[in-house]
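Some structures to go through are shown next.
What follows is chain A paired twice: with chain B in the first complex and chain C in the second.
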Partner chain A sequence: MVTNITNLGRSGLSDWLIQRVSAVVLALYALFVVAYLLFHPNLDYATWSGLFAQTWMRIFSLLAFISMAAHAWVGLWTVSTDYLKHTGVRFGFQAVVILAIFVFLVWGVQVLWGA
Partner chain B sequence: MSSLQVSVYRYNPETDSAPYMQEFQIDTQGRDLMVLNILTMIKDQDSSMAFRRSCREGVCGSDGMNMNGTNGLACITPLSGVVKDNKLVLRPLPGLPVMRDLVVDMGLFYKQYERMQPYLQNDTAEPAIERLQSPEERDKLDGLYECILCACCSTSCPSFWWNPDKFVGPAGLLQAYRFLADSRDNATQARLAELEDPFSLFRCRGIMNCVAVCPKGLNPTRAIGKIREMLLSNAT
Partner chain C sequence: MIQLLKTTALNGHDPFGLRECLRAVNSKRPVNLDLSTIHFPLPALTSIAHRITGVILFVGLIFGFWALDASLSSPEGFESVRSALAHNVLVKLIAWGLLSALGFHFVAGIKHLLMDTGYGVDLEGGNRKAQITVVISAVLVVLAGVWVW
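So, the complex of A and B:
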């Protein structure tokens, strides 16, 4: 039996599912943003700000941020357990990554609802 | 003169402080020999050369090695299939500890295989003669039971290189599915529970090196996908 306590879902299956679902959300969000930029070649601040003032866009963005946070944690946790063989270095790396993800997530919420 | 330039990984822990590559010139007389023939000819030149081989026809799985960068069985790999620019580089299977020359310690590989409990488990009462299987149920084992445990797949897998103590590897997972798919086995839940953590099965990233090198043409990636489907339908 292989044990683990620092991965996101405490289970390989749940991590795998979270990784797949969050990837779909991120793909949809990226496609939407690229398409939006293509359809608004002369984009100004008012239009861009107006897009993010709408509740559905804020929900969609927050969903994408949370997906990004989960996706990054599952992926970087995997990278750390592949390549960082020293426990102290690995745990330190994981702590820095989780802190960065937390900061970016809170900051993202502030950007979406702060203006 | 059709002389083949062969470079072989040499290491004898009793006398060498570090591994090195030794060059040999082998006269093939223009024949498309198997790589194992070349190794036998090298051993005629230098009897200290160590490698494993037994059946010399791709059944026993002893002579798995890395030939010009690709894992395979030396006995069924023709020179025409691997030699480039008249050069052949022979190395031991990557990722496993080298005991001597091309001989590796397969301990970790077997340990993961053993962990998959590769034998039929059934706690229901034994029938008078034998447990029967329909032809359709038997068909499900095709492409799974043929594995000869040569380790070409697992030692070509980076996930197995980095975590050979935790990731079961393609060979072990193919065998895990061979028993999960067997209608006569009913230890399904226990087998799935052993594979649910983030390492044992889920460290597979689907790069399919295993499929590319399997000398028996088997597909461990597909078996891993099937196990993942079983885990998913079991848990959602």
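So, the complex of A and C:
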């Protein structure tokens, strides 16, 4: 069996499942946000910040951000291992991606519970 | 030496399959080096587009988080995001591009989930689902443009 030390679940089957579960979460979140914006054409700050003050919306958002982190890593890992054949280049790319994902996660938490 | 191997191979003793190799190398098979006449089947194009839109969406997260952060930070921040989306052409183009990428990635992802259930996993089904993916996402791209403008 080929083992890989950089993919998320350490097994292709695990990555496969993570990618699909996170995809469903992200699809629901995208649908919700797009529908919310469509149904509130004259959205103001009070309504918008009121939505994100709700506990369920913060949970939903954090779930989506974590799903984004997993989904992006599995996807970009797959793309990078397919196209970047030079180990150093691929490792550098993956390091940048991990750093970016980490920044997005911390940024997201700060936006949800921030100052 | 090589000539000897060739001769013996052609004369019957061919332990390394050399005769087959010689035949392949020397044959006058048609060779197509005109890349403009070679094209990927539609499912291959939607597959690579799924990957490209995924990378675009990842980069686009910068704009998404920036907009979310600013819009929730203060009434002034909310107003700056709203007016940028309402008046700034570059911001509109970015929003349209990201919504379009999201639309395609979403539809192609649904197609993936359908295929995981074993639905339409054959040549005909693959082509038809790729066509449906292109049509639906084209509609979404237009609708996203209408929404932004």
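Criterion: the second predicted complex is superposed on the first by the 114 of 115 C-alpha atoms of A that agree within 3 Å, B and C clash if a C-alpha of one lies under 4 Å from a C-alpha of the other, contacts with A are read in each partner's own complex, and residues count from 1 in each chain.
Quick note on the criterion: contacts are C-beta pairs under 8 Å (C-beta built on N, C-alpha and C of every residue); 3 or more make two chains touch, one makes a residue touch a chain.
Treat the numbers as computed from the prediction; the structure is a model and nothing was measured.
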item: Partner chain in contact with A:76 - chain B first, chain C second, else both or neither; value: second
item: Contacts of A:104 with chain B and chain C, given as first, second, both or neither; value: second
item: Partner chain in contact with A:54 - chain B first, chain C second, else both or neither; value: neither
item: Partner chain(s) touched by A:13 [first = chain B, second = chain C, both, neither]; value: first
item: Per-residue contact with chain A, leading partner among chain C and chain B; value: C
item: Residues of chain A that lie at the interface with chain B and also at the interface with chain C; value: none
item: Partner chain C, residues of chain A touching it in the complex; value: 20, 23-24, 27, 30, 38, 43-45, 48-49, 52, 68, 72, 75-76, 79, 97, 100, 104, 107-108, 110-111, 114
item: Contact footprint of chain B on chain A as seen in their complex; value: 1-4, 7, 11-13, 15-17, 78, 81-83
item: Complex contact set, residues of chain B against chain A; value: 159, 162-163, 166, 194-203, 228, 231-232, 235
item: Chain C residues within the chain A interface of the complex; value: 51, 54-55, 58, 61, 65, 68-69, 71-75, 78-79, 82, 102, 106, 109-110, 112-113, 116, 147
